[in-house]
Structure formats: C-alpha cells, structure tokens
Amino acid sequence: MLAKIFIKPKKGILDPQGKAVSGALARLGFNRIQDVRIGKYIEIKFDAGDTDTAQSDVRSMCETLLVNKVIEDFTFEIAEE
Amino acid sequence: MLAKIFIKPKKGILDPQGKAVSGALARLGFNRIQDVRIGKYIEIKFDAGDTDTAQSDVRSMCETLLVNKVIEDFTFEIAEE
Amino acid sequence: MPKIKAGVIVFPGTNCDRDTYYALKQTMGCEVDSVWYETKTLRKYQLIVIPGGFSYGDYLRAGALARFSPVMEALREYTEKKGLILGICNGFQILLEAMMLPGAMQRNDTLKFICKDVQVRVERNDTPFTLLYKKGDRIQIPIAHAQGNYYGSEQTLASLEKQNQIVFRYCDESGNTTEQSNPNGSLHNIAGLCNSETTILAMMPHPERASDSTLGNDEGRKIFLSIKKALS
Amino acid sequence: MDNVEKILKELNLTGDEYKKITGYIGREPNITELWIFSAMWSEHCSYKSSRPYLKRMPSSGKDVLIGPGENAGVVSIGDGLAVVFKMESHNHPSFIEPYNGAATGVGGILRDIFTMGARPVAILDSLRFGEPDDDKMKYLIDGVVAGIAGYGNCMGIPTVGGEIYFDAAYKDNILVNAMAVGVVPDDRIFLAKASGAGNPVFYVGSKTGRDGIHGATMASASFTDETAVLKPTVQVGDPFMEKLLMEACLELMKTNHIVAIQDMGAAGLTSSSVEMAAKGGLGIEIDLDKVPQREEAMLPYEIMLSESQERMLLIAKKGHEKAVEAVFRKWNLDVSQIGRLIESPEIIVKANNRVQARLPLTVLVDEAPVYTRYARMPVSVTTTATTNASEEIPEPKDYDSIFIQLLSSPTIGSKRWAYEQYDHSVGTDTVIKPGADAALIRIKGTRKGIAITTDGNSRYTYLSPYAGSGIAVCEAARNIACIGARPLAVTDCLNFGNPENPDVMWQFIESINGITSACLAMGIPVVSGNVSFYNETEGTSIYPTPVIGMVGIMDTLRERITPDFKDNGDSIILLGETLDECGGSEYLKLVTGKISGRPPRVSPEMEKRVIDLLHAMNKMHMVKSASDCSEGGLAVTVARCAIAGNKGAKLNMQWRYRPDLELFSESQHRIIITAAHKHVDKIKKMAQQNDIACKMIGMVGGRRLIVNNRVSVSVEDLRNAYHRGL
C-alpha cells in the first residue's frame, strides 16, 4: 500500500515559513497570492492486509508520531499502488 | 484558487529524515513499513483568471522557487475552492 | 599600494556579517563595507563575502529565498569581471541555490544542527583562497549548520573531481577522509568547493571563527591571508 | 454580565478580587476590562504572592545601574559599558509544545535585553526534565533542546552555557529557564518609562493573532486536564522576524526619536501599555483597529491579551513619526501608530470607534492584590532530610565500575549532546565554550571578558531550601571564579509549586532567605529575576527550584583559567575541606535511588575566602587549571579535568572517611587546581594564611586516572563514559 499524508499548520497557528514564502512569491511578481501555508508531505509504503487496516494504521501513525496535533492538522489518502 | 503542491525527495536520493521516521515507526510496532519519504506540502490561495493560467502560474512558482530540482520532485493539484 | 576593498553582503537574517567584517579587518587590514541586499552594483570591490546566518530565516530551504535578492544580479555581473567571492556556510547554500555552483544542500544526516570543531583537508593550494596552505594540510575549524549535507548527482560529482573543484574535505586527525570524520553526510566528504576558474570559494566551515588566537584557534586565518596575497 | 462566577473562574480571579475591582472603579467592569484586570492581577504580572519576599534580596551595589523592576538588570563594567541580563521561565508552554515553547522562551528573554538598547551577546539555558527513560520525556528533551537551538542559532546569538538535571520530580512539569546577556554603552540605556503627554505610541513587529491568549493566566495556574483545553493558543516563534526586529530596534536606538520602549511579553499589549504609561505617571489611549492583525474578527480582549511573539511597543517623540516608520520599513516590519500618551492616568482602549475599556492605571498596577500566604514547613523536611545518607550506602566492591556509572549518569554526564546543537561560537567572542565551569565572552575593543553561569541543585533545595539556595549562589560564584573572573551580580528564576500550598510557600520563603544571606555575605546583588509558581500537576509540586544566573567580570582575558590538566608533573591541589556529606548527592541517588539526608553545609563566608584566594593565586600566575567540586564530588571533577586535558593523573589520598564517601561527597567550597610543583609551597602558605584547607592530592601524568589502590581507569574509558549521552 502507499499512504500519502498531508500535514499542515492548524488554522490560527502562525506559519512563519508560509509567510516568508508568500513574501518571496510576491517579490517574484506573483502578486495575487492571498495565503501560503507550508507543511509536510509524507509517503509511506507498507504492507497491510486490507484497506481498512491500512486506514487505521496510518491514522495511528499520524497520531502517535508523524503529526504534532498541538499545532498541525492532517489528512491522508491510501492507494493500493 | 487553491493550489496543493506535493514535494518529495527525488528518487535515489537518500532521505535521512524518512529513514529516521521509518525506524521510529518500526520501534512503535508498525513493522511492515517498506519505505518512508518526507517532503513538503504547500497550500497556496491565490487569484488567477482561469484554471489554465493557474496551472501555469503554479508550475512556474514551483520551478523558480518552491522546488529545488537537484534534489526534489513535485506534483500539484488546483481546486477552485 | 591601494587598500583592498571588500564587501560583506547582508541579507535579512544574515548573522555572521559583523564577525566576518571584523575578521577581514583584523587579518587582511582591508577596507570593508557592509553591503545591503538591495545594492545594485558591486563593481568597486575586489572581494565579496557572503557570510553565514539564516537569510530569510532559512525558510523553505537554506538560501532559497536570498537567491532572488537584487544583490544577486549584481553578483553575477561581478563574477563576469572575475572578482573574488567567498561564500561561508549560508553563503555556500545561497551560491548553490543561485546555481553559481553545482549541487544542493540537504539536512545534516544527524537531522540536527551541529556546532563543533572539525578537521578538513586542503585539497588544493592553487586557488586565491588557499595559496598559503600546503596541499594536504589538515586544519581544525568550526562548523555550525543544520543543512550542510552536500549532494551532487553522479555526473556532478565526477565532474567536480575531474576538474579538481573540491577545495576542502572533512577528514580525521590523521588527514584521512573517513565516514566517521564526516559530520553531516556530505557526499565525497565535501566541505568546500570552488568554480572552475577558482574565483569563487564556497565552504561550510567558518574561517572567521578560526582567525584569532584569543578564541583558541587561528587555523582558518590563512584563508584571509591567502586572499590578501592573491589580490596584492 | 451574566454568569460572573463562571467567567471569574475562567479568568482565574477570585470573588474577593472581583469585589475589589468593582469597589475601585465604582461600577461593574465590562468583559474587556475584566480580562485586563485578570492579566494585570495574575500572579505572573503582579507577583501577588511573592512581592514582599523578593524585596528582601539585596539589589544595590556600586556597579548596579538598574536593579529589579525594569525589563532586565544593568550593571556597569567600566570603559563606558554595562551588561544587561535576566533569566525567565517558559515551563508550561514547553510542556505543551516543547519546540515552540522553548523557542519562544528564548525569544522572550532576548527581547527583554534588546528592549533596553543592549545587543545580546549570549544565551544560557537551565533545564529540568524527568528521568530520560520514557518516550514522552525523550520527546520533550529533544524538542526543548532543538527549540532553544532553533531560535538562538537563527538570531545569531551564541548559547554558551546552562545546565540540565534529570529527576522524577519533573516528570509532569519540566522546567525551561533561559537567560540572556547583552552589552550596552552605559549612556544609551532605554527604559520602559513613558514621558511626554501627546507623544505617539507605536506598535511594531509581527501581526497579532490569538496566540497564547491565556498565557499569563496559564503561567498562574496549575496543570489539570482543563489546562489542556487551552492548547490551541500555543505560540509559534519566528526567530527570523525577531532578528529583523532586533536589528531595527538597535538601529532606531542610535537615534533620538524614541522616549521609551517595551517588549510585549506576558499579557501582551495590556501589560506593555499599562506598565509604560504607569511608570511615567501618564495615561495611554490606544485604538485596536490600528493594531496589525493576523486573524479575522478578533475581539478587543483578544487583541489586548494576545501573546503573539516578536512584537514591541514604543513611545516616539511627537514629530519624529516618519523617521521611526522609515527604520522599520527598511527592515520590512509592520509598524503602526496605535495611540498616544495622555495626561490623565488611565488606559483608554478603543475599537470600532467605541471605547471598549477605560480603567485607572493606579488600580491596575498599584492596587493589585498582595497575599501573605500561609507557610508551613513540610513534613518531608523532618523525615527525609535528617537521615544519615552515608549509612545507607554500602561500600562498593568495584570502585571503577561505580565511578564509571556516576560519570555517565544523565545529570553528571557531559551535555555535549545538547550544546553541540547550539551555535556557541557565532559572534566570534566565545573565549571559553560550553564544557568548562562557566562561559567567557570577550568584549571586542576592550581587554575585558564577561563570565556567565547558571546553577541550582534542586535536590538540595528540596531537602533544605535555605541551604540549597545558598549553595546555588555559592556554586555560581565558584564557577565564575574558576575561570578567573570575579562575581558581579545575579539574576534568578524561582520555579516553585503552588503558593496556595503552605509547604510550597515555606520553601519559597526559605529559598529567598538562603539567596539573600548568601548574596549579602558575598557582596553580590540580585539585579533581575523571575518567579514561576504553580509548577504542579494534579496536586504534586516540583522540587523547589531556584536557579541562579550569575555574571562575572574579567579585566583582562589573559587572566582566564580553563579546567583541563595542562602539563605532566603538575601538582593537583584541593582547596577547601571534604566532609562526609553525601546527603542529596548523585552518589546516594545512584546507589540507593533515594533523595534524602542533609545537603552539604553551606558557608558563603568561606566560599568568598576560597574564591578570593584563587583570585590572588591567579594574579601571581600560579594557577594552571581550576575546576570546582560539585555533583559527583572530587572524583568527578578530577575526571573532567583529565578528559578535557587528555591527560591522566595519580591521586594519593589520605583518607579521613570511607574512600567512596570521600571521593563522591559533595561538600561545597572546594576547588581543584593544578600548579607547577615549584609553586606548591607558596600556595599552601597562602591558603593557610586565609584559613582555607589545602592539600596536594596528586600529580598529572600518564594515561590513566589512578586513586590509591582503589580506582584505575584509562582516560579513554572516562571520556567514553562521560560523553556517552542519553
């Protein structure tokens, strides 16, 4: 299986990196940027019996290790490769 | 528009962070992990006349700034929010 | 003989500019300007230093945002006239992002910021930056970075080796370039690179922190003295 | 207001306090006003449980330019220069989000320094964690260390020292204290004291979000499950922004455009505006619509209470507005004139063209409640602190192995794993780096150096807050002396449990008394500090943990001493007396797992004599190396000197006590020095004249550390044990 995990800063939480990149894009002439948020993209290849197990495995990986729930939100997708 | 950009380490490039996370997941008991790759997830909200312009804008943001093509690959999606 | 004129570029977030300024004055006795990142020409200088620090907070990738500053245009023009450029730490990262040297920096393979003294071996002394060293000299010098893990594709590495562009490599106390002595995972133990014309030197270690015996180490001093000699 | 009780509870105000408020202002406060009160009257801002006791500490001295009360203390060091320093805690935020909690702690203390016009030259961090053996604690440790590194490194200010202790008492309440030191010309010091009614008030730096709205309240409450609900308010630090803010402020401070400046720390805009105006005896009017905002639809109280980082409030001179704005624009920073000073001593807060709050400043500042809390000696002091520790320790069969275990224990072992992540050489002023007894920072353009250290052993303070706190001062002074400097002044960070608990209050008062008597005896003033109460979780308090930050001065860098053994054949000399004192020691804990017994005896008078003696001997160029004895005792000190110098040593002890007790006793007021053999007689004589015990205990040389017929370990093995890491 292949899990694709998308992590981003929670709403309301300052994202200094996004802010800096937003400024840089504007200086480069992309001047209709409203907001930039930068997070992590994680791909995990793993074995799991079926999609349901895979779903619950990935959720628990996110919650225990991959995501800092105090400041980040996440979503994920699972494909059978 | 909302662009979702997925950046990951190029194939063949050692990803030390991915390796560390893979080890940590194994220690947590997720023992059928084959590979972990860690990259960036970027969301950009911006104005663009139509999807075609948006497409080409985002591609050029990636190629000029957001992605370092020596070590990274990217894909993106655009939604009309 | 007129005094050498050097410029130290200051980006928002640069933080070794004052250290570098001081070291240039102390070692080379040259005239030094702090050069604001919006400057449009560098014609009056014989040496430009891009110092260490966290330009634009090192956000996105170290050096990625600095690369688009106005002064970088001026720097390109300056290279055409064969002026000398020394990039230290963040300066190295910026030169890579600006594609003035090949390759890219990844995070240290320890995944941590590392600040300590390391040993590097001088691979060539026929550059303006190293002419007072002997080839094979081993010098102790501090590093302080989170992204100093040099990566180049196989072709890039082959060409760097072939053209002899590797100026410093991490090594052990006996001068051997072992895996153990490589602090950050850099391919081919690369700690410093030059361009093929040897007018640009980019290095992760900080010579300005190893140029004053009061600080317990002046083994990097000869880099500045070499430049002085080359320009005189 | 409906439901006053519920609101008061959320705001951490008591019913009596509410009554006081209505009495003073002669009406019911509205919700914005009540929030302002809750912030200004919080423990964190008002020091309502601690104020009377803090006054006991000596705070003046001939070199003190500014004592407690300003953003940081300022002490003259001659040559027209002064050092500015302070320590602060960021405990609760770091437990919730270790990386950002620690990072913003560093950011906050740095702002306190450059607010005063000083360029920060060093950071130190004093950390307390639970035992490093579970995943949660490892996560906290990694995050905190990385957060400190992340902020300080980006700012380009070296983190040059600190300390890390591990003890189960901190399992659910870690401590993260950060200290910063700056240097300023003594005629360019800026204060947070407003002047000139009509002068404009400027807001600069990051935009305001809903970050840390409960910050001051959270720091004034214990941890319960309810505090966990406050999580979304966590602050994220932006060191890049702070670097720009610092450079812009320092640039502005070279001009004559501003009259006062204050960072927005705890309780953000509220405390900075109220304090600046109140200090100047003026009032202030601010319009929240002019405050740069990051989030939509923020309520007035949210803007007033936000603890978004990297923001400053300053008062400019009327007519200089354009010039002020130009400096901040150059650095790409948000700057906005949000109000002005007024004659009448009150704060007027407007938003949406309406007055949202209007309160008299004297009530907010001077009438804040003061509590004389009930204090009582805890039972533990009589039960655990009076046992005879040495009787509980069986003599080891294998000295080598116990020695190696001690050397590699988390608290004693080298903290290289942490300080290698800190850029400690940026600035090109770090003459003595982390790893020695104290750090030494040179001041370019002079021959001077400043020495800095932090100290505080909370096992001692748990067993005897008075003695333990005195020891912290003594040890700090000794560490300063060991690198060849003279102690100058102290900043403190007093981390305690819940002051409403009489046990804790007793610990707090005893601790203040201990610091006070040690500082008085040694002539060292306390010029700044911070109190952090409510370090408890579900009713269990941490050990009382006063941390002492000390700054010393060295007139010429040539006087510096380092701990490493220098030459084979040098004599190893012990200054000070070893007693059978293993109470509260690392050795006792290692062998028995207990924290008990009487802590070592403390005598600030003797400490001063030892320090002065070392200083005198150093002036005569007789001291080749010096290092003090602290945790782990004499044996650990000798091992560290051997490792640092990469040289062995042979000790010939004349045992007064059982050898293990003598080797690992933590008696205070002791320093190990080395000297050329020809100086030994002179050294002994000087010691005798000053009534200080002095014994030659061995010689430098070889590749092993050998103690009589008990210990024999190679320097290599010592090094591996010491640097093993967690």
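Here the chain labels run A, B, C and D in written order, and each chain numbers its own residues starting at 1.
The rule is short, and it goes like this: contacts are C-beta pairs under 8 Å (C-beta built on N, C-alpha and C of every residue); 3 or more make two chains touch, one makes a residue touch a chain.
As the structure is a computational prediction, the values presented were derived from the model and not from experiment.
*Asks:* Identify the chain pair with more contacting C-beta pairs: A-D or A-C.
*Replies:* Answer to which pair has more contacts is A-D.
*Asks:* Based only on mean CA positions, could you tell me how far subunit C sits from subunit D in angstrom?
*Replies:* 36
*Asks:* How far is the middle of subunit B from the middle of subunit D, if each middle is the mean of its Cα atoms, in Å?
*Replies:* Distance between chain centres, rounded to whole Å: 41 Å.
*Asks:* Scan subunit B for residues touching two or more other chains and write them down.
*Replies:* Subunit B, residues with two or more chain partners: 65-66.
*Asks:* Residue numbers in subunit C touching 2 or more other chains?
*Replies:* 56-57, 59-60, 65, 68 - these are the residues of subunit C that touch more than one other chain.
*Asks:* Pull out every residue in subunit D that's touching 2 or more other chains.
*Replies:* 238, 240-241, 332
*Asks:* Touching pairs of chains, all of them, please.
*Replies:* A-B, A-C, A-D, B-C, C-D
*Asks:* Applying the document's contact rule, which stretches of subunit C touch subunit B when the two form their complex?
*Replies:* Subunit C reaches subunit B through residues 60-61, 64-65, 68, 97, 103-104, 106-111, 149, 151-153, 185.
*Asks:* Along subunit A, where are the residues that touch subunit D in the complex?
*Replies:* That would be residues 9-10, 12-16, 19-20, 23, 68, 70-71 of subunit A.
*Asks:* Tell me, which parts of subunit C touch subunit A in their complex?
*Replies:* Of all residues in subunit C, those touching subunit A are 56-57, 59-60, 65, 68.
*Asks:* If we count contacts the way the header does, which residues on subunit A are in touch with subunit C in the complex?
*Replies:* 16-17, 20-21, 24, 27-28, 38
*Asks:* Would you tell me which residues of subunit D are touching subunit C in their complex?
*Replies:* Within the complex, subunit D touches subunit C at residues 146, 149-150, 153-156, 238-241, 243-244, 331-332, 419-431, 442, 444, 557.
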